[in-house]
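Take a look at this one; I'll ask things after.
In this document, chain identifiers A, B and C correspond to the written order of the chains, with residue numbering beginning at 1 in each.
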Amino acid sequence: MTSPAEVSAATLGLTELHPLIQQFYAGQVRHLDAFRAEEFAATFTEDGVFDHRPGTDPLVGRQAIAAAVRGYQQTKHAADPVQRRHWFNMLQVFPQGDGTVRTEYYALVLHTRPGTPEPQVGPSCFVTDVLAVREDGEVLTKSRTVRQDHLV
Amino acid sequence: MTSPAEVSAATLGLTELHPLIQQFYAGQVRHLDAFRAEEFAATFTEDGVFDHRPGTDPLVGRQAIAAAVRGYQQTKHAADPVQRRHWFNMLQVFPQGDGTVRTEYYALVLHTRPGTPEPQVGPSCFVTDVLAVREDGEVLTKSRTVRQDHLV
Amino acid sequence: MTSPAEVSAATLGLTELHPLIQQFYAGQVRHLDAFRAEEFAATFTEDGVFDHRPGTDPLVGRQAIAAAVRGYQQTKHAADPVQRRHWFNMLQVFPQGDGTVRTEYYALVLHTRPGTPEPQVGPSCFVTDVLAVREDGEVLTKSRTVRQDHLV
């Protein structure tokens, strides 16, 4: 059986990869910001790793990732129902020899409270991903490492 | 007579559409942020619809859109001359069967006051557009719906 | 001898240039935000001009640009060690007849202090570059003019 990670993205160049991955990230954060836990988790590979905070264990696999999103929604969001928006920017894509694509980018989270037009801004983060990219355009996150700028 | 909206964008794929639309949006907000009312309105189709705020009537047509930009400049901006900057991000483009392209993206408005390096940030918005995209690369906004995150 | 600036980018269209230049800018700011002075300076042409602030002389040449980055690090950053992040957005690329590419974009600087998740935001800037773009994808900044929105 061939997993997406084993299918080479070698035939796709920067011209194709950059917009493809931007479109992928836009859809991925849309799921996250709407707390669609299963849909967000499904943007990772089955064995995807989400290392979202130093000092905590990485989330491994779609079930763990979905559970973390639901847990956040049921605790922090339930107590303080802000609209979160994840912004990614300054994206670099680096096709790897094994058919995956490593990416590096900045991320910023905005939190808007009902009735308050000025969002709370932060944290600012530096993120590194390894993506599985198939020639048909399907993209999945194999692993993500988030480093928040204030935790140094 | 063939309007841009009737010309199919079907032959353009994500690789062409994503940068094309980013370039279009950058030019469009440049007009808006400089209060070039007619030039901004001309980035919409003649019958373009700009639904910029729930609870108010959408602006319909270039004249109405240009008048709204001029009105904003002559009232709010005249009283408080900030430099506005519209930032769009996390763009998704969805080519439609009818030759138009639906887009979804986040938007953030920054307001800088003379002498104050830190801009006022917000509101944060979620925007959906329908664009007319011609194969020669001309893009026009047919309709825009803005939902501000703090108005829920 | 042929310098990158003399090699035409005329065969590259918007589809290639937009992602190429986004990737270039992402790498360029990564050097700047990490105070890799020589690497940042090497993203300019040998005679590159960096006009970063009205009322001050532009920096001319890689040595001057690198020295400015080191100077900033050894004074302002040493006294107040924030993590800076430069965000560019709303990019327009305009291929010129001479093989260079003029760009216009918004820029925003975020400063995160250790332990404080909310970055200081600003200044907001409008930037114009002239880039040397080679057909093999190498990009260098020939000149950059930064206008901070609060200095009007």
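As a convention for this text, a residue touches a chain if its C-beta (ideal position, glycine included) is under 8 Å from a C-beta of that chain, and two chains touch if they have at least 3 such contacts.
Just so you know, these numbers come straight off a predicted model, no measurement behind them.
Asker: With chains as vertices and touches as edges, which is it: line, ring, star, complete or other?
Answerer: Complete.
Asker: If I superpose the C-alpha trace of chain A onto chain B, what rotation angle comes out, expressed in steps of 5 degrees from 0 to 180?
Answerer: The C-alpha superposition of chain A onto chain B needs 120 degrees.
Asker: List the interface residue numbers of chain A and of chain C, divide the shared ones by all numbers used, and answer same when the ratio is over half, different when under half.
Answerer: Chain A vs chain C: different; shared/all numbers falls short of half.
Asker: Centroid of chain A to centroid of chain C, CA atoms only: how many Å?
Answerer: Each chain reduced to its C-alpha mean, chain A and chain C end up 26 Å apart.
Asker: Which positions in chain B touch two or more other chains at once?
Answerer: Expected reply: 15, 19, 89, 121.
Asker: Contact residues on chain B for chain C in the complex?
Answerer: Within the complex, chain B contacts chain C at residues 15-16, 19-20, 22-23, 25-27, 29-30, 83, 85-89, 110, 112-119, 121, 137.
Asker: Could you list, by residue number, the parts of chain A that touch chain C in their complex?
Answerer: Interface residues on chain A, with respect to chain C: 14-15, 17-19, 89-93, 104-106, 108, 120-124, 126, 148-150, 152.
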